[in-house]
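In what follows, structures are represented as structure tokens.
You will see chain A twice below: alongside chain B first, and alongside chain C after that.
Right after this comes the complex of A and B.
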């Protein structure tokens, strides 16, 4: 008898299922698709930062041969407001509030004709006073960006509520800050400035919209939230959401940029409706820089206190968010920021406030880490400052205040697993942090042009979904054919992060089939069950638990049938290597395929098809922002080593040592790739990337002037995994997608301070900024 | 509506003729006239490397090359990479080493690596980092891309 050993793919280095198609150039992204009869669309954007539109004349554009439609707001009087804030129409009619504002759109035979037509649209503007400084936005008498609009949230503070440019406010409090201040032996206080950066997905934004003969709408879309978009589009278009189908071709990078609905998407649909033809709209790279979202820029004041014994006493955080002209997800990043302020370390007394104010600047969306890079930048710098004031080393000070497993924070987060102390110890130990830190500190005033330094930062982020929407769930449909081939139909979207491979691994683990016996279908809302979207590092956790649930139901059905035919108890059997085996001995009873056929082609006439919907056991926050919003929380510590050239201000990243509490490693190859990519994205945020917004104008909308990190600039990386085996996680895993980007800027700031004695609180650390800071510190 | 020219070239080993507008880039010709979409547009100004192809043995950004200048030349795109054993090994190494995430930069990376290794077999890790400095990747942090190229550089052909 054949004996089949138990094999597992969990924790192995598994190549991504979609990699062969991508590596050979076969993958067709939305840019590569053409539908029969398709037209090409282009959008005319405002040439003014803030202006009244006196008139738009499209007659010359309409007359151009090859032009099928030219639309302005006047042509779609039924259009409705869109986006998180519902504070903009897709096509702007009487007023533009930022340079990206959409005024007219053309559908034509070719892109060239569409572009030529745009040049023939005559727009007469009457300039309004521009408001491009967020502090000025709240001054009395400032120009009002949206008249008659109440702030979206809060309004507890009369000063904030009373100003018409306030878009949103957030207030959170725990404990008694006055008591915390009174108990403090040391206090640090500072302003931090976080700049504009943008996602720079290598695949630019684009979509294809098509109506069928009965008015059903099909979108080929890069969205990260297809099921939410069905509702959004239905609302904007005034049609039944059930008549909208969203197909997601492979996506050329997401990072949060495709989480909201943006004006170009309904505009593309308007053009498809107007022409009766499929319409394809793809951005240029310049347009991608100008008209896709940014990371939320933040002005942040943080005050933190501690006792002489090294325990934290309080934090007070005030932030001012430049909301830009309209409200997208960027304005809501305080949801995450306040978690880091209140709960990364144990701190009894906290007060947090954010005001987001409208300006005529670009607006921010969600971007990997979602406010956490900004909050961590301030919190972790002040951990170093407090440690220094107390004469405690930075590691010991953090360990003294670190969260433990089992903790329920005053904000209501329950850390069922928490590897923060192991992350701190591992990253510090592996990097030789303490010795290097002491040596660099001693050498700050020693002669020498190049100074070396080391800095650390930790992070807390949701790792088990985030209950923001009514449901944070994901559905799975699983079917197995007569040849034991499994089709896993999941709502969870793949954006390159490797989720489809991880989901397939999890199903293999349950059903004992090889990886190549799985096909994942994850890109068509007419087929896939509901999922809230790919965001908040949730897909492995939520989609994974959903896939496991469906696979376990299938396994139960198979084992019941096998037990009937073998005349034994189900518990005596198992699935391994495509076979039904005796659980105790591994002895093969029959092949899975034969068992499935016997079930199908018999009097029972059954197919194995199962469904599962997984909803995590998390809770919505209450009105005071308290609640256990995630089913698990992820932790990490990163140690950054830098060299600072004091003659030029150039900061070189030498090495990053990371320790990540990921629950459990599922695909070692994939998780390493996520972390390495996140580290380099965080490096760009810290050192090189800077979207220059000058009086409302993006001055560097090109890779020539917007500096992504290139291959020779990457640091050495040493990544360690802390496996805390989360009880709710799929095979023990927690989310990791956003985590690796979060600590980098904070740790780099701490490393520069360790190298030079100069603390930098404004990003990015460009040579000019570092040089000036060093010179001014030298007097 | 614009002035066109008929040109001839060898594309992935196949003699090819195409009629192209004189202002068209080689990138647009490949994608829109010939219909090979493996070569990607990501910046259109030679800054990102996603559109890298090999022309007469040199790697070029096809967005900066006029289609008409392909006349009489020999082009290799990602679709032809695996005809060469080195290209096939590179594609496999990218898969095995986890060098592919969203995959949008991957064809350009493979073409650049193939071109580089042809001239520099056995290249060092540092040399490989330099060799792909004109190719941007937003997902991977480059580590696994360099792992893949290095594996091929170290293997006996």
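Right after this comes the complex of A and C.
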């Protein structure tokens, strides 16, 4: 008799399934794909920030040998507006509104020929007054960027929509701010300025478009939202969405950058249509800096109040978003920002307003954290400022106002699990926060050119999807073959975050098979069932629950068959180690493969194939932005220790101690990587990364002057997991993708203030900026 | 227009012969040339001359009272060479702050010098070491050489006194007898892979408590890397007291002529010159 012990993969350190391919250089990204007969495309972009196009002459470019097509807006009169705001055409015909604007596109035999052809396109511009300051954009008489355009979605309140440059507005309120102000013993108030950064995916943007003989369109695309994009492409191209197939090659990073549809994508399709050949369009790195979206730059004013006893009374937040020339997801980051303002801590009275205004600057998209880095930066600095004014330590003040499990906030979010207090206590305890904070504070005026300090910040983020669309669901198809090999076909996209590994783990856990008995298929809309896309830290939670649902159906079918042949009840059997076993003893009854064959090759002729669609029990928010938008919420506290060199302004991160409420750890190796990577991304946002946009021109479109964090600067990290076992989460887990980047800038600002007594409200904390602030504080 | 001839000669003679033909671009490690070409900032000539096989341009040796460094010596080779540590420690320190391993394996000292960037990291230590450049050409069949002080060779940002038909063959650093101190400091926003916002090179000989033969140079604060003679004068023959150090640092801050660019403002560069000169000298005083 063979006895098979119960083994669990949950919480283990599991190497990513795609790691061997990637580590050995075998992975074929879109850049590496070449289709037979393929042409190469390049795009001509505006050389003016704001101008009328007087004429475009492509005759010289068309005449160049090797050129197959040169397209301008005049060649595609049927093109339709695209993007979140539907406020731009893929090819601009009469006017350019930013330097990235697409004017012409070439398909040629080689990239070099396509580039040479671009240089032969003659464009005559007539400059218009550029508008590159978001405050100036709202001044009376400012040049209007989009004439005759009403503000888009989100702008339910028409009052704020008076200026023609307003792209979007958001208003949210809870309680009665006047009452909150009256009840306050201390109030802090400040302006915060958040800068441009960009995703810097290792894989630059690119796609291949191909029509077949009957007009079906196949796109090899890096999109994060393949199913939504089928509809978008169909609308823009005026074709039936059913004729569009999207295949995602392995994607070299997303971080939110591939959530909207961008002009280059339909342009690539136009060229494929015009030439009848597959067309490949891949950005240069410089183009990636110039023409992919940024994180939303924000000017933010926050006022917060508290009573003497340390309870928060109110917050008023007003933000001005530089929308850039067109509207993408960046404009909608207030959805997330207001959650942090209203619900990271208990605060009874809140008023929130955002105006997003058009300018001639680059436009912002979605980026890991989605506005939360910006909101947390302000909220958590004011938590420290209030604590200081009240004479309470920063930890006690936060604990006093922290949310508890079971809380339903005035915004309607229901925190079924909430580990915030444990996160605070764990991060503070493990880092020795209180003692270090007090010591650094006492040493602010002591001699010595290098000052040490410690700062903390916490965060709240959706951890169970986010119901932005009518559905937040994900579909799974699962099949098990006659050798007991499992194929998991999921709608959930992999962008390097490790979701396919976690989904495989969850299925293996249900079916009692080892990880090498599973293949994940997740990249072809003709095969995979619908999913809303990879965003909002949702894939493990939503895709995971969907996969578990399909696996449980398969398991039920298998156990029913096994019980029939063993002549026992289903409940007496279980699946372990590729076997059917007696649940009580672990004694093997038969192998899973044998049982499957007995079903398949019998007169029942039955295959084990199941489907499942999971829709989380969250709600679409109402017109006042209230509602339980996610099925679970993630929490974290990070403590950052810094050294500030007062001679240079260099801020060195010494150590980051993090405590993350992740519901439950599924893949320990994966989640550690996710958190460490997020910390480094947050560090770059806080200290080094800065896309310099000067009068509409990106001044540093290269890694030489756009400073990513490099290995020697990465701090020591001590990460703790708080496992609150979420009731709705897959095996208790919650989403964690965005969380680790969110606190870093705020905690670093607090640490610098602790070290030097100087509070910085403008990112990034580059040496010169820090040095200037220290000097002007010294007088 | 594109490259019509590509040469990879093995001897100096051949290399100089190709150069004499005119409109030739010299390629060493290519780590400046290729990015500049791709960004459209330099145009390649009709001929492209790859130096990498010319053995006469390699090697580091002590000869005739000099440390002679071949133009093709890579940053990695300089870092590994004992004679460089011994006779030109400040140069070795600069190599240790240079780019990354991949770059150091390809980047040559000759390329760094001929590229003549105000931020070139070997230039500042070479200035404080009183280095000379050795140039060769073959104007009419026979090889001619000339030697120039580095300070005279560097004429502006990206500009040198090299004639188009001349090749930089080697750098020569005179050996000094007295026990020496040397320091290199580079400021960038991050510790690795960064272009200097400012750099400082310092060398002197020690005579008990006082410094003699003081040389202090600055990078990225003027059109060419420069010595601050006023700061040197403040230190020469003086004991390193706090007052002397402050005087020298202030003199250096007066001497430099920085500009505003995407990396830093002129004001901040001056502040760094003062603060970091003070820090280096404090460090020397307490060493």
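Methods note: the second predicted complex is superposed on the first by the 772 of 779 C-alpha atoms of A that agree within 3 Å, B and C clash if a C-alpha of one lies under 4 Å from a C-alpha of the other, contacts with A are read in each partner's own complex, and residues count from 1 in each chain.
Methods note: a contact is a pair of C-beta atoms (placed from the backbone, for glycine too) under 8 Å apart; a residue touches a chain by one contact, two chains touch by 3 or more.
Quick caveat: nothing in here was measured; it's all calculated off a predicted structure.
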Partner chain(s) touched by A:13 [first = chain B, second = chain C, both, neither]: first
First (chain B), second (chain C), both or neither touched by A:24: first
First (chain B), second (chain C), both or neither touched by A:688: second
Chain B versus chain C as contact partner of A:445, first or second or both or neither: neither
Touching partner for A:767 - first (chain B), second (chain C), both, neither: second
First (chain B), second (chain C), both or neither touched by A:680: first
Which superposed partner A:252 touches (first chain B, second chain C, both, neither): first
Which partner, chain B or chain C, touches more chain A residues: B
Which of chain B and chain C A:202 touches, first, second, both or neither: first
Touching partner for A:710 - first (chain B), second (chain C), both, neither: both
Intersection of the chain A residues that touch chain B with those that touch chain C: 704, 710-712
Residues of chain B touching chain A in the complex: 1-2, 31, 36-45, 47-48, 50, 77-79, 81-82, 91-92, 94-107, 110, 126, 128-130, 132-146
Interface residues, chain A side, partner chain C - complex: 449, 647-648, 650, 688, 692, 699-700, 704-705, 707, 709-713, 766-768, 771-772, 775
Touch list for chain A against partner chain B, complex: 13, 15-16, 18-29, 31-32, 66, 112-113, 199-204, 250-255, 284-285, 495-498, 669-670, 672-673, 676-681, 702-704, 708, 710-712, 714, 717
For the chain C and chain A complex, residues of the former touching the latter: 187, 189-195, 262-265, 268, 271-272, 275-276, 278-279
